[in-house]
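Next, two complexes with chain A in common: one pairs it with chain B, the other with chain C.
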Partner chain A sequence: MYYCIPRTVNEALQTVAEHPAGAFIAGGTDLMILISEGLKKPDGLIDLSRIEDLRAIRKDEKFLILGSAVTMRQLARHEDIPLCLRMGASQVGSPQIRSVATLGGNICNASPCGDTLPGLLVLDAEFLLKSLKEERRVKAKDFFLSPKKTALRTGEILVEVRFPLIKLTGSSGFAKIGQRRGQVISQVNAAVWCTLEKESGVLSDLRIAAGSVAPVPLELTALEEKLLGKVLDDETIEGVRQVAGELIAPITDVRATEEYRRAVMGSLIVDALRSALEASGRWKGGNK
Partner chain B sequence: MKISFRCNGKPMQLEISPETRALDVLRDTLGLTGVKEGCGKGECGACTVLVDGLPVSSCLLPAAKLEGTEVLTIEGLRKPDGSLHPLQQAFLDEGAVQCGFCTPGMIMSAKALLDETPRPQVEDIEEALSGNICRCTGYGKIVQAVMRAAEKSEEGRHDG
Partner chain C sequence: MTGKELRIVGRRVRKVDGIELVTGQAKFTADMKLPGMLYGFARRAGQPAGKLEGVKKDEALKIPGVVDVLTAEDLPGPNLIGVLPPFDQPVLATGDIRYAGESVAFVVAETREAAKRGAAALDVRITEVPPILTVDEALGDGARKIHENGNITFSRKLIKGDADKALAEAPVVVENTYETSFQDHAYLEPETDLAVPGGDGRITVYASCQSPFHLRGLIAANLSVPAGRVKVVQSNTGGSFGGKDDVAVEIGILAAAAALRTGRPVLVAHERGESMVGSNLRHASRITITTGATKEGKIVARKIKIILDGGAYASESPFVVMKALIHAAGPYLIPHVFVESTAVYTNKTYAGAFRGFGVPQVTFASESQMDELAAKLGMNPLTLRKINALRPGDATATGQVFKQSVGLLQAIEILEKERLPEKPEDPSDRYLYGTGHSCMLQGISNGAEGVDVVGATVQVSQDGSALVGLGLTELGQGSRTVYAQIAAEELGIPLETVTVRQVDTDSVHDSGPTVASRSTTVGGMAVLKAAREVKESLLDMAALMLQTDKKEIYFQDGFAILSKNPDARIPLREVATAAYWTGHPLMHLAFSKAPEAKYDHDTHQGSIYIAYNFGAHRMSIRIDRWTGEVRVLEHLAAHDVGKVINPVGLEGQVEGGSLIGYGYAHMEKIEESRGIIRNANFADYAVPSIKDRIPTRTLVVEEANPTGPYGAKGVGEPPVAATAACFANAVSDALGVRFTRLPVTRQDILRALQSGAATHGGDKNG
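Up next is the complex of A and B:
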């Protein structure tokens, strides 16, 4: 086995072109477990975590741009990052995991319960994928194909994640349920992004996505349509709790049953909405 | 492959095989057996060391990732005169240790916290130690010990 530490994206792409059976490693928190369990046997590792360009968070005129090797720790502490993504990152594993685990690793690992993934969906994130031959952008909603399967091709690197700056003007939030607090994989998670009309508090735009309720992280468009144009009063919130579970198609697995996932979906979305609106003092739904 | 890094202040140059974990290099090659292996899967925190000041599970870390870094293990906490670090002393004084297996990892996570937040709230401590599991104590004394170490370090700073 070889281990190389390229300093540029191009150098990394050259290396994988020469050694197609090698694997990219970022933080290694997913990959090392797969290797130690014998589920992956790459003939070498190409470490992306030292490439400066991949570690930067920056803005241009239109987009907020996150390098794929930005860590969960960086995301959780960066004030420009919308809450739906920041909260997701801050609840990944433990401090030890967040020191090294990356956004790109969470995306490319494509677990249905990845805690940054619903946030990326509601932010309309786009991924820049690069190979020696070409460069293309894929939308988050088109990237995840099934558990652990993505649109990424052999020899391609996820270089950056970007979303429109206009997304920074809305409110966003995140909530997750696991078997205990801290150091826990989500049984279900949810992210929301919304804008409210100034005086009336009517929902003028709303995006809701959830993880672990389908083979891929999923946007709940039917629920969005039901809620658009409404005010989030007690009655509307109760409505969310009632119907959300029926709009998803979860499975039973080692972490939770289908019934449980349906039962908690609504409350989790309400929690995510609360975290979004409380920050700006616009939550009217009480503390339930 | 060759890697160079600093470990507990000393420069190291080692020949490693790329499959090796940082945990194995620290324990087996360098004899730093204060770094413990509990789960081997990133879940218990017993193997926590600081890499460039950040807490990391050395069981999930390829040793190759140590290249060019500054590593601190529990063995590196003692002062040059041999006296204990305030965290080590506080764990003893508060009786925050039973079997001791989790203790080095706990102390390293606490060290990362205090370096950044010298006067933490209880919630900060709970958050910083959320990746460290103890099977013996009820965590109460561990949290108290970190509080006490923070107070002592603060006094030390004011005294001189």
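Up next is the complex of A and C:
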């Protein structure tokens, strides 16, 4: 077992080329569990968490750019980050977990319940993947293939996550539910991103995604279409609550039944919408 | 000033060992690293039932770092454990595999990882046998016998009056069946023992454990050495709640046996998964109750049948059977009671002691039924409880009469005085509100479960400080602080000058197990007696020095003071030094022995416990109709504790116990399929987190208990049962449907709302 601490992305890529059976480790909060349960057996670890470039949050003219080793704690506290991602990050695990767990780890681990993943979908995030040979960008919606399976190839590093600055002009929000309140894995989570027409409050743009309700984080396009052009009044909200559960493909597992996941899907979307709009005083969702 | 009023007992004091614990200075067993230390790891059966055909060690011994592998034949002694008869559990399996967590071999290696790899590499051959996974299967005709004597672990009856006849004649009758799930102790620190060979024919075992003398006895027996060769030191223990007895013995024996074979220290530190699969749980139960009452709400009879799923081994099932039996009728005056209580073997993780010890199960059932009866009578649930509440002079279900220290009515009255929380202005129809009550009793100390003796020493040094030693353990419950307060109070010295020593079996008297809410009551009494003896000796000395009769002297703030003239005082350190030089004893070993239980073994009529803690709880909740999420708005916990020794400690016990009760009632559920626990981790097994804390408020009734120090009685276990029961009643109140199974999870609540079972606020009629 070896443990390498590269200081640059290139160094990390070199290292993995020399050690193809090694594994990248960032916070280790997913990986260490897999290793201790014998589900992954790397011959060594390559630590990405000390590469400065991967820990930065920055902007260029068009994009907000998050390094893959940005921690949940960083995300949760950074004001430029849209609420759907900030709230997701702030509800991952406990303070201890959040100070080491990374965005890149959440993405590459590709668990259907990852709390930042629906947020990335509604923000139209793109991932920059780098290997010694090439560099490519993959959209969030194309990245997740099945539980724990991604488009990432052997020897590739997720370097950064970016999304268009225009996304910062909309409102976004997040909600999750689990078996308890603190340090809990989502039974279901939901993220929304939307814009409203100024006067009428009509939904002019809307994105909805949910986690832990299908093999991969899922965008609910049918629901988005249904709601576009509508005002979020009591009736619309009731409609969301009624239909959302039918648009997903959940399973029963040790944390929740399929039935429960369907039953709460709509309320989580409503709660995510509320968190998106309440801050700016634009929540008109009746009294709910 | 006479020195008569209490100065330290009753005061809000900080835990005497609190600073070390919260700053991380306190060392736990797994913090110890000794030269040459080896790590032990058990290979478990991995299937719930079968015949062990053999274990081949070769492949494991080839793993680098593996030093030794032990199987049953390598244990020098009888390979048998259990805290009480029938001692039916092997340390390492020999023939029958009775549950999936059964240890079949024990690997020791230079590192933890190597030990784990070694355990995985072992060639273990087990022939599968169809497991028995429910109590019905176990009790079915012709069922395979899990143990030689059949599948009934233990069964007892309580008979008072003629319940059948009274029920037949009762104008109002309600009947229902209730079920509860297994619960894990979920302490912060999983079980850990470290065995160190002494090189002098002795062995020391540092253990995270509850009852060090159990360990000493069973480790010695299984090593085939006299008990005196084994020294057990209780390390700081990160919670136990009843859980660190059988399993602490099991890993203590394994570590000790391996340490003797290798001549090196051996550490066994369970991981969370091992802790949940391989140590006892709270019994799952099925309880049927029939209650008969008059139209005015006087209960005339109760008939109760309790079946406890005890899993693969007896552990403490016999005592849990008895405790459930004795408490099932509730804290009420009922002339006719019939209870049958039975524990059954199944091929699952064994059940044993867990804070409350059978009382949470029966209290949930009994208190649910009280609400059902109230509904049938059209009566306020609290009024119904008040009408039937035990009062001083009334006979309990066992016919025992307490003339005092029966503070149930006062506890109920405290609740009545507290206004219900106001429903917040909520124009939406999203939330439902409900309030539930529960009343309960919990026998204090061992009572009918065995002898009840504690030996404690108090030793005063020449500097006037005191050292207290007894065989009961500090498990986080704050008993060290209570003992220090009592010694300081009696000796008239500052609290900071009292030390309560770590328990090690070489140096303190066997005081029985630290269980049954008995530390303050029976342990405290022993400390009080020992302190008084030493004080007498110091008074004799002080009388000589002050040239007066000792009746004229009192001790306070570290001084011997003349009652008539408080300015005439001598520092106690001078008195103690003089006592040393003149041969006045400075140390005493005193015993507190509870009055013996006297009862009929067929009917369980008689004196069972020295006292009961009585409690009345109220919980108000808000339910989210959309998700089933519950928010506890208020939780009032009133208990008759006789006398509060340390209010801070009391609140800690009540809040902590209540949270365990809340987790039990709402969140925690062992998910098992085909005999394998599927959620043996805290991600999937939902023990409450810090954010799930409920706003418990402790309310106190002090009806002095003549058998406890200053009138005190224990409170460690009672809040669990009362909280679980009032939670269930609050949910039922909010939804208008009775839940008969714990836990009532968010999913259960939502299902009730959506299926239309709930008569309040369902989607169909909300």
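Basically, the second predicted complex is superposed on the first by the 286 of 288 C-alpha atoms of A that agree within 3 Å, B and C clash if a C-alpha of one lies under 4 Å from a C-alpha of the other, contacts with A are read in each partner's own complex, and residues count from 1 in each chain.
The criterion applied here is as follows: a residue touches a chain if its C-beta (ideal position, glycine included) is under 8 Å from a C-beta of that chain, and two chains touch if they have at least 3 such contacts.
Just so we're clear, the structure is a prediction, and the values are computed from it rather than from any experiment.
Participant: Under the superposition described at the top, does placing chain B and chain C together on chain A give a clash or a fit?
Facilitator: clash
Participant: Looking at the overlay, what does A:169 touch: chain B (first), chain C (second), both, or neither?
Facilitator: Touch status of A:169: no partner.
Participant: In the overlaid three-chain picture, which partner chain does A:49 touch, first (chain B) or second (chain C), both, or neither?
Facilitator: In the superposed model, A:49 contacts chain B only, not chain C.
Participant: So, does A:200 touch the first partner chain B, the second partner chain C, both, or neither?
Facilitator: neither
Participant: Would you sort A:154 into first (chain B), second (chain C), both or neither based on which partner it touches?
Facilitator: neither
Participant: With both complexes superposed on chain A, which partner does A:99 reach: first (chain B), second (chain C), both or neither?
Facilitator: It touches chain B, and chain C stays clear.
Participant: In the superposed model, identify the part of chain B that clashes with chain C, out of 9-17, 99-107 or 117-125.
Facilitator: 99-107
Participant: Residues on chain A in contact with chain B in one complex and with chain C in the other?
Facilitator: Touching chain B in the first complex and chain C in the second, residues 94, 181-183 of chain A appear in both lists.
Participant: Can you list the chain B residues touching chain A in their complex?
Facilitator: Going by the criterion above, the answer is residues 1, 17-19, 21, 40-43, 45, 48, 51, 54-57, 60-62, 64-65, 67, 109, 112, 127-128, 130-133.
Participant: Report the residues of chain A in contact with chain B in the complex, numbered from low to high.
Facilitator: Touching chain B from chain A are residues 1-3, 5, 25, 28-29, 32-33, 36, 44-45, 47, 49, 73, 93-97, 99-100, 181-183.
Participant: Which of the residues in chain C end up touching chain A in this complex?
Facilitator: 120, 427-428, 430, 624, 626-629, 667, 671, 678-679, 682-684, 686-692, 745-747, 750-751, 754
Participant: Note which residues of chain A are touching chain C in the complex, please.
Facilitator: Spelled out, the residues of chain A in touch with chain C are 38, 94, 177-185, 241, 254-257, 259-260, 263-264, 266-268, 270, 286-288.
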